Amino acid sequence: MGSSSLHISLRPLPTLLLVAALVLLPVGLTAVDQPFYIVLASRVLIYALIASSLNVLIGYGGMVSLGHACFIGAGAYTAAVLVRAGLDSAWLTWPAAALAGGILAAMIGVVALRTRGVYFIMITLAFAQMAYYVVVSLRVLGGDDGLTLPHRAGYGFGLDPRADMTFYYAVLGIVLLLMAGLRQLLNAPLGRALQAIRDNDTRMEAIGFPVFRIQLAGFVVAGAAAGLGGSLLADLNQQVSPSLLHWTQSGTLMVMVILGGVGRFLGGVLGAAVLLLVQELLSDVTTHTALGIGLVLLAVVLFAPAGIAGLWRQVAR
Amino acid sequence: MTVPPSLQVGGLRKRFGGVTAIDDASLTVASGELHALIGPNGAGKTTFIQLVSGAERADAGRIDLDGVAIGGLPMHRRVALGLARSFQVSSVFPAFTVLENVALAIQARGRARCAVWRPVVTQAAWFDEAGRVLDDVGLGARSDIIAGALSHGERRRLEIALTVATGARLLLLDEPLAGLGPDESARVVDLLRTFKGRTSILLVEHDMDAVFRLADRISVLVYGRVIATGAPADIRAHPDVRRAYLGESAA
Amino acid sequence: MPLALIIEQALNGLQLGLMLFLLAAGLTLVFGIMDMINLAHGSLYMIGAYLAATVAEASGSFVAAIAAAVGGTAVIGMVLERTILRPLYRRSHLHQVLATFALILIANELVRIIWGAQPVALNMPAVLSGPVELAPGLRYPAYRLVVIGVGLAAALLLYVVVAHTRVGMWLRAGASDREMASAMGVNTAWLFTAAFGAGAALCAVAGALLGPLLAVQVGMGENILILAFVVIVIGGIGSVRGALVGALLVGILDTVGRTLLPAVFRALAPPAVASEAGPALASILIYVLMAAVLYFRPRGLFPARG
């Protein structure tokens, strides 16, 4: 049964090459005297993780959530509060952030997943806005200005998170681990059930799957992964602000997912890389990057909705 | 010690807004019986299935499966207890292969149905069992075809396969012959005949030929109420039934 | 809590609610009939406000400004519908979200390029800039009263059209079952364009009227768009009546809540808690309402579809 198209298989050689490239990247960048790009690479990796978590929700689960940013915010603020309080071990902030994202996802999912179609989309948006307003209006969370982190969370073992290269490798490790975990989940019965529910939830209920529970599980996993990504963002920027939860963040994430390819395993990764790199390049040329992105997005939706991964598949055929 | 009836429905009622779709309907399906439910269009047959399967909550009445009350249970719990329905309009997973479709129903049965680690493709037992069900319905040769590419008749058979693969002992079949030509109809009728005895079936059908060939007993639903129940010959001769239903299409 | 203040806040709530209704009515019909998510609806509101500001500045006449805003935005809306939005009707909601999100990005940047990043001034007519004495001791801004008046007139007009004209019947039929309506001979293409144009016109009215009260700036559409979504979710998609009920609920609850809740907290809780919790809770009140409504009625209070 190994040749099913539903099974996400990674061809060993290309995968190994990609991982090797990612591992050697900072060394290479330092060698050509462009260490600044190590930070950009870290940012790309973090958004690759977050966009992948959204891809699990939208592409594999069929749950079009417009409020994913609030899980990022939950994780980011949790990490920030912990670090500021002196509990600054990453081995604490990472799981705490994931837990925060997961719990928020459970709370929102319990209400939102009772609805379908456009209602679901709008409710996720509204709840995310609600989270945004809560964060903005609480002075203990810094209000409009947010919070700064005195330093990045520490890893122990004598490693210094202030070094961009060390931070990069920590991020890379987490992202690789999580992507492997997501792949395992999607190939497992739960992942198969999620995709089947996306295709025909009525039939799934009729053959005996507890649809609501399964979707909630998927929602929580995605929220937890996004929360973890949030804590990495907090470390990266050494600050958190309400803008992390703004719905335009959710929109940007969706752009990444569709750019890369909805429902393709590496769609989130591809989309994050392309969008962030394009933004980086464009920002040297103009301040109106949003216009370019809007036009590209519109073109993609209208003419190439399968995204880059889809185009690649067409070319490869 | 008597075996409780597979299905016992008493005093079922359901309103949608101003319309009373099911109006004090009662019927019993004995264990191993093939019980047909017939009636004019709009009589409420599909609604009846919706209520018994759990897709809709009844306003009043009792639904017992093998003697156990299931009226308050959500649909997936009823499936776990041994009740499954098929759909009048084939409801399959068009992007999955035929084998993967049925394997889903097998997956739903076990404790590992929502496991998070072992890949589905390694669960050989699920696919073996799915293959057996597909052979039973005559789709064995089409296992690796994407379900969306099936012909109408093949899709109807996949629909039945999905329902059977749940392992349910009571099948609610909603017009399984809908849209089938004479050859395919005959095939499905033969298939249903093989189920008699091992599973109980509540069969909703318009094809009177098939109904009278298969049914052990027939109930007639008119305006949401069961107006008659009995052996096929008795139903055929029943004056109320002739008037309400068979009289329209000279039986 | 003086009665005058409560009444004033209630009137403000009514005013906000009616303006929200203007936005929500067009939005809910588009959802209901075309089954399409349109995030760019807020951009039409923004364009209406900017057009009004520009014409008001150039001509000095507020009435001309509103007329220009309505006409211009309606045209833009209908052109948008025929070109970009029509291919999206048969696409998935995800694609609709993304495409209209792209429109927001484009619209915001174009406005920024044309008018600049700073807010633009839209002044209310001088004659309306003073207060009106509604009752001894109760004074209320004349302009806001006019806004309420226009809002009520628009609501009445919409009610008459939707409930008592043939076009309205087509709209309601389309919202309730689009395929059926099309099968019964309703010219859906023309209906869609007209409905969209009307929705755009309503947005422009709201944008022009609220311009003097809120800031006319880039991104103004998004904040009110989300409120409009909450309204529609509460009211039920496809239902104009639901949009009105939802809008009034949201408008009044939000406005009165922002005054009342902090006051209640100040009276009952220690100051450290009250100064934070009151405003925080007030800002999320309408979302709590939405969650509560959805928990019991996942399709809103008056869903158009069965």
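For the reader, a short list of remarks on this structure follows.
In order of appearance the chains are A, B and C, and numbering begins at 1 in each one.
To be clear about the criterion, contacts are C-beta pairs under 8 Å (C-beta built on N, C-alpha and C of every residue); 3 or more make two chains touch, one makes a residue touch a chain.
Keep in mind that what you see is a predicted model, and the values were worked out from it rather than measured.
Looking at the partners of chain A and chain C together, they share no chain.
A summary of chain positions shows that the Cα centroid lying nearest the centre of all protein Cα atoms is that of chain A.
Placing every chain at the mean of its C-alpha atoms, the farthest one from chain A is found to be B. Centre-to-centre separation between chain A and chain C, using Cα means, comes to 32 Å.
Centroid to centroid, with C-alpha atoms defining each point, chain B and chain C lie 48 Å apart. For this pair, chain A with chain B, the centres built from the Cα atoms lie 43 Å apart. Counting only residues that touch two or more partner chains, chain A has none.
Residues of chain A that touch chain C in their complex: 58, 64, 66, 111, 114-119, 121-123, 125-127, 129-130, 133-134, 136-140, 247-248, 251, 254-255, 258, 262, 288, 290-291, 293-295, 297-298, 300-302, 305. Of all the residues in chain B, the ones that touch chain A in their complex are 53, 55, 74-76, 79-80, 84-85, 87, 91-97, 100, 104-105, 107-109, 112-124, 127, 162-163, 165-166.
Those residues of chain C lying in contact with chain A across their complex are 31, 35, 37, 84, 87-88, 91, 93-95, 97-99, 101-106, 108-110, 112-113, 222, 226, 229-230, 232-233, 237, 276, 279-280, 283-284, 287-288, 290-291, 294-295, 298-300.
On chain A, the positions that touch chain B within their shared complex are 1-2, 4, 6-7, 184-185, 187-193, 196, 199-200, 202-211, 214, 217.
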